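Below, chain A partners chain B and then partners chain C, in two separate complexes.
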Partner chain A sequence: MQIYNAPLRDMRFVMHELHGSAAHLDRIGKSGVTSELIDSILEEAGKFASEVLLPINASGDEEGCHYENGVVRTPRGFKQAYDQFRESGWSALAAPAEFGGQDLPDIVGKMVEEMQCSANLSFSLYPGLTQGATLALLGHGSDELKARFLPKMIEGVWSGTMNLTEAHCGTDLGLLRTKAVPQEDGSYRITGAKIFISSGEHDLTENIIHLVLARLPDAPKGVKGISMFLVPKFLPTGDNKPGPRNGVTCAGIEHKMGLKASATCQLVFEDAVGWLVGEPNRGLAAMFTMMNAERLSVGIQGLGVAETAYQSAVHYARERLQGRALSGPRRPDLAADPIIVHPDVRRTLMTIRAYVEGCRALSGWVAQALDLEKLGPDPETRRAAEDFVALMTPVVKALFTDLAFETSSMALQVYGGHGYIRDHGMEQLVRDARICMIYEGANGIQALDLVGRKLPAHMGRMLRGFFHPVQAFIEANAADPRIMPLARAFGALQQATAHIAQAGLKDPEEAGAAATDYLRLLGLVALGYMWARTTQVAEAKLPTANGDASFYQSKLTTAQFFNERLLPQAGALWTAIKAGKESMMALDSAAF
Partner chain B sequence: MQIYNAPLRDMRFVMHELHGSAAHLDRIGKSGVTSELIDSILEEAGKFASEVLLPINASGDEEGCHYENGVVRTPRGFKQAYDQFRESGWSALAAPAEFGGQDLPDIVGKMVEEMQCSANLSFSLYPGLTQGATLALLGHGSDELKARFLPKMIEGVWSGTMNLTEAHCGTDLGLLRTKAVPQEDGSYRITGAKIFISSGEHDLTENIIHLVLARLPDAPKGVKGISMFLVPKFLPTGDNKPGPRNGVTCAGIEHKMGLKASATCQLVFEDAVGWLVGEPNRGLAAMFTMMNAERLSVGIQGLGVAETAYQSAVHYARERLQGRALSGPRRPDLAADPIIVHPDVRRTLMTIRAYVEGCRALSGWVAQALDLEKLGPDPETRRAAEDFVALMTPVVKALFTDLAFETSSMALQVYGGHGYIRDHGMEQLVRDARICMIYEGANGIQALDLVGRKLPAHMGRMLRGFFHPVQAFIEANAADPRIMPLARAFGALQQATAHIAQAGLKDPEEAGAAATDYLRLLGLVALGYMWARTTQVAEAKLPTANGDASFYQSKLTTAQFFNERLLPQAGALWTAIKAGKESMMALDSAAF
Partner chain C sequence: MKLLVPVKRVVDYNVKVRVKSDQTGVELTGVKMSMNPFDEIAVEEAVRLKEKGIAAEIVAISIGPAACGETIRTALAMGADRGILVETEASPEPLAVAKMLRAIAEREQPGLVIMGKQAIDDDMNATGQMLAALLGWPQGTFASKVEIAGDTATVTREVDGGLETVALTLPAVVTADLRLNEPRYASLPNIMKARKKPIETIKPADLGVDPAPRLTVLKVTEPPKRQAGRKVGSVAELVDKLRNEAKVI
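After this line comes the complex of A and B, so read on.
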């Protein structure tokens, strides 16, 4: 059985203690959002996740979505859970008040999102995509479109999707063929076939608002000829009820490795009515507002799944009796010791824990930047925050999701054969986690985005926004021997950065050859920095912690584990990077 | 679609060129087995795998096994394929002629095994377990049991199983409860419940021969009170036909993450008639004859799946058009370049390739030792071979299967979203591969076996059998700069070995804390040694290779890739190991 209780204590630590929520909220003009309010929201969100979403996670996987004649039915319990989700106001949490949202900061919204992903990844996609579509509309839609669609979407009565992929193009959107023909009334008629559309058709909301990439008749070739359109499933009536059915139908759903309760749809648009969102031929930029938000969300999905995998593995490791501790029996009263006494089980649990808590800390930092990007007190702060979000988006997306797959598989391993059978739900977590490495830009694409776009942007300005605080921290703590692993890893990262800047300038394939290892290296340093700062905070709190002493002590121990056992991978990554492209690119395609 | 063509060229390279099959066959007194004979067997086996087993791999996964009222039906096509398998003599390939086998050496048998695992892992388990049961009977059965059961099993008319696990005990067999009561006629009555029994019930053979661990009434507690019994599904008649049904029934099959066409059974023994195999209370040792053989086989399963994942990914990477090469369009005649031009796709394919070919080379070395263990010309040779097999068994099992999961997941990634849906069969490979890390002793147990049993055995004698040739090779090639990565990794391995010997002696938990990283480190060095030797052979052959030049050149390039990009992980592993157990073991169980 999957175990999940929202890690409230750690979330409070990350938000309030590590990242100083009080000062942050002041800074973004939201001092009315007290830490008491935040904590009670987190507590309620945790209850909702554990009590409503978790119980339909395994059953949703077992049953899957049903497709018949263009209609998609979600698994048993999903509609009720969604209604409850909407009625409790979770869909409006971080949305702007102007359109009916609750205007809570992202530092809260992202934690709540994590909980929903932990409890039921498939479920989380339905509101998750609505949220992304909301952002795209907010950023690029006309006032009329915003007024007409946003309130219903933020209320959760209507949901959203993003329609990019076609059978012959996923990564390479320049190849897309869907067409949009302008009409006299200012609308467009959209025709084409899209695949892999999450939540493209379902029974949770009364209408579905598709954001669709298509080409205008006179559009230039490639990615510079793509426009974005809003295409609702039902055309809204004057009083904004779902009216006549639009020309978009679901031709089928995919049978997938996991994420089975999320409907992955083939959508066919035939003369469907749509409206342009943003400028003609600038659709990719508009879609990237949504895409970038989704990339961060997918990273958080990975974190969420890994947390459930961790908790489930801990539960089993405490319950399962097998063998005796190498240092002698710990529970002579029982037939065997619980397997949590065994070093290799410890190694597994500590590894998952060190990654999960490190990722949560980093996620909290990025969420703060999301707030500052919008609400920072001055342009310089907002610009710096925007840079940081842009730099960290591919890192969060790829690092968190690679780790989610690795760690959920480790958690399965704790269960032995019992993890491989369906009964405990561990294998579902592994299957579900696997998609996160792929969608919203496969992780290799994230790495290319990092080295090809983010590193060189503005002469390295984005990177400096991350390097400077890390370097300053290392220098300020140079006397502490525990800083050495981070200092060493950061040194490797600096060398790798210089290598890519030089070699990549001459030959872009050199940057490509380094990309994936570089992203992991930067990610490890980011986690290492989070653990170093966590160490400092925990150490300061420990003397007066009383009942919380074990919490802070565990932070110190986990930081030590991360430093000793995981962060040293940085060296091997730098060695691999400096080898360059030669052996990677030498084989002729026919020789493989 | 899964792609598999037996890698015959690489198999011939490993067997004949790298490991010198001609001298080896002379040495074991089988010079009659010519390389022409071997090559034609491999070719036939490859055809059988691709033409008979592969076509029912995805359909077998989709359909799964059927259970009704104690009867298990394998998926469509499995019975026909098995009949063809048996009739073609594949079940008898490496079995002793005395009981109807073909007496071919293991260097051939293991390659054929790999092909079957590549084409259809689920299928391979049915004959695979029969082979293991055959070995256990050969090693420990009475002449009467051998004469009665072995010919039918080797012919493939009857199949075999191993019954160890019970619901409350997998790793910790000391807890097992199944009972055996002696009867006046010298037989026993077995009663108990077993779970996770692969091929425990199915429709492929006319009888199933279970090897069952159980306790005699007066047996001491723990693992020293376990005996092994042969319990057939049908009691053989005087003329060795299946007679009356025995008291063993299948109570259900497991629903698993993968391996769905292999029946994983719950078996209930109720006063089932059985015969003792080997000495009373020495059942675990007898079962370990089978278990050790199976562990090697599971490693080869991993290698097999990884090969298919590799070939499938290469196929897709050559066909899928997406994006342009970073160095400029390669196929301007097409809408986009095939994705094999992208460095990150190359990195993925080269990584899989370097691991798969390295593992095959190592597997060939171990298979040679299997032959020498039985047929070596003198006791010293046989003893050294036995040592080597014992040392490498946990390494092959855990390293190959960890890598199989990692690399099949990498291969899935090459397909992007198309890898996550069922259509291409990539996600099946990942799901199938995952079990190999668990069964026949979870990989953490393999690591403990390596550091806790194999390292200290005979004052390190087993390890020296591996260290000496590696060290000698490094010394002999000290002038070649390409030996440096191996020399460095071997240095790390030597230090890690010394650390474990010292720290582990004082505190066994220190050895436990190092185990998994140590196994990977030793595995990397073993692969690195294989690649270094491969380099030498390929370089010697290249000048006169003519049509084969590309093959040898690819070996050199892949070796370089392994040295530069993968072997350097050794350093990080040693750093992790030397951290010791402190941070791993410090947390209180309640603090997780």
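After this line comes the complex of A and C, so read on.
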């Protein structure tokens, strides 16, 4: 059974206690957003997730989307849930007030997002893409486009999409073929075929606003010749009602491994009317605003699914009776002990828990930087935050989603055969989690982004915002033996960084060969740092915790587990990185 | 017309309640607390009456520790206009609560008090009835439908074996049953607005009421574990077991 109750206590811990929301909100000029307000928002969002979104998760997977004659119908209950979602104002949460948003900080927005992904990953994509498209328009759209489209998108009456992928062009966008021809009235006519477009067509909103990458007639080849266009499904009338149908049709939807209630569409553009967003031939940069936001969101998707997998596995491990505890029966009154007594089941649960809570802590840190990037008190703070977000975006995307697939599979294992059959919904979580490793740039590409772009940028400047606090923390706590695993892992990371900088400079394939292991290594150190800080906070709170003592005690134990059992992987990763590309690249293609 | 809606902070209905090891009560530390679900229904009904233009103002009242302010905020986010928190560390029993509510009703002069039929923590099902008696107002308990026209409330009550409809002359007390409505989810803008709505904090003494309990709790225990069932082979065996083992027939 899929179980999900928003982990409110842990969210409050991460936001208020670990990352000091009060000081943060002060710093970004949002002291009006009190912790009480945040807590009531989280509570209501959690209720909505568990009571409205979760109940249609398994049924949506079972039923999938329907396609007929260019029309896509979402599964039963989705339209109703979406209407409720929109009416409750959730789509406007982090959007700017100027266009009808609530202007709440990202530290709140990201947690609410996590809840929606936990309860129903497919559902979360519809508002998720709208939010990304909103950001791209905010960053690059003309005032006229913003005024015309943003309010309805922020209200959730219209939804958004991102159209990059074509059949022959996924990762390598330079191959893109869709064309845009300028018109006398300043608009463009778009022609081409896109595939894999999430929310490309559906019945949840009265209009769909496509952001489309295409080439102008005189565009240079490759990625430097791509522009971004806004192409609505219905052309808005003067009073901003959906008017005549534009030349974009849905030619079919994909049948997928998971994420079945999210419509993945083939879209055909035939002389569709569109407007340029941003500068000509600068479309990729504009789209990257959206993609960077989406990459963080996809990381949060992974975290969300992993949380539900964890809760569901814990529930089952407490109820399922098999075998006896190795130390003697724990429940002699029952036919067997609940499987949670067995060390291997505990290893599984503790592993998931340590990763999930660690990732949540890390996402809280990154969300703070998202706020600071926009609202930091001075240019220096804003730039440092921007660096940190840029560095962490591929890490959050790839680490969280790799872990989501690993941990949801572990959670399935806790169910044994009952996880593999459909009834309990565990296999759905594994199937759903799997896409997060692929879209928004496959995880291998994230690793290349980290190693190839983020590390060398500005002579390694981006690393500072991460390396400096970790180093300072380790030095400040050098006397505490518990810091050793982190100190060791950080040492490995520093060596690996230097190694890649040197070897990669001589031979880019060396950097490519190290990339994925390096991303995981950096990710583990980041989680290790979060757990070390968590330990400090929990220890400080414990003496006066009263009723919350068991919460803090669990934090300390989970931190210990992470330190002893998971963080040491850092050493193996460094060993692998050091080995270099030789054995990886030696075989001739024909020998495979 | 003004509506009063008392709301109680109770252990969330999703929480598996555990008895404290010293048997003095149930474990409340670190446990998720929420508005009593029947009170949520009462708030929803009040908000609907306001949306229909029948009510002009909704006042949410909670009695208990400072944290009850959050329960009032929930009601404000659903659509109540202001709150009154009667702050006390005692856990007042229905009679004391009813007395405090009476004092507030006398001050506020509402047309209707609408409240949950019972709280899911102690399941007393008494406060509404006591309040009506203390005020000398008519009562419509276990309401599954409320209609107001002029100074009459027509209340459909869920009673054993069917529905009973009563007409009450206002002011009156109505207690909400499960099927009265389905409470809404608070919208994000309303959650934010709720933070700006006023909550007045007073003490039981301000209302002239001593909140001290008059009942003594001897001990609180878990309900006995259910025994596993047994399948019987025939009716004759069943009758035999009922007669000779269970000794119930």
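Miscellaneous remarks
The working rule: the second predicted complex is superposed on the first by the 592 of 592 C-alpha atoms of A that agree within 3 Å, B and C clash if a C-alpha of one lies under 4 Å from a C-alpha of the other, contacts with A are read in each partner's own complex, and residues count from 1 in each chain.
In this section, a contact is a pair of C-beta atoms (placed from the backbone, for glycine too) under 8 Å apart; a residue touches a chain by one contact, two chains touch by 3 or more.
Owing to the predicted nature of the structure, the values given are computational and were not obtained by experimental measurement.
Legend: residue contacts after superposition of the two complexes on their common chain; A:Ile41 is shown touching chain C, with no touch to chain B.
Of the two partner chains, chain B is the only one that A:Ala576 touches; chain C does not reach it. Of the two partner chains, both chain B and chain C are touched by A:Ser550.
With both structures placed on the common chain, the touch criterion links A:His458 to neither chain B nor chain C. When the two structures are aligned on the shared chain, A:His66 is found in touch with neither chain B nor chain C.
By the touch criterion stated above, A:Glu87 is placed in contact with chain C alone, chain B being left untouched.
In the superposition on chain A, A:Pro508 makes contact with chain B only, while chain C stays out of contact range. In the superposition on chain A, the residues of chain A contacted by chain B and by chain C overlap at 550. By the touch criterion stated above, chain B contacts chain A in their complex at residues 165, 168-172, 174-175, 195-196, 254-258, 264, 314, 317-318, 321-323, 325-327, 335-336, 338, 340-350, 353, 405, 409, 412-413, 416-417, 419-423, 427, 430-431, 434-435, 437-439, 442-444, 447-448, 507-509, 511-513, 515-516, 550, 553-554, 557-558, 560-561, 564-566, 568-572, 575-576, 579, 581-592. Contact residues on chain A toward chain C in their complex (touch as defined above): 5, 8-9, 34, 36-37, 39-41, 44, 47-48, 51-52, 84, 87-90, 92-93, 102, 546-548, 550-551.
Chain C meets chain A in the complex at residues 14, 28-32, 70, 73-74, 77, 185-192, 194-195.
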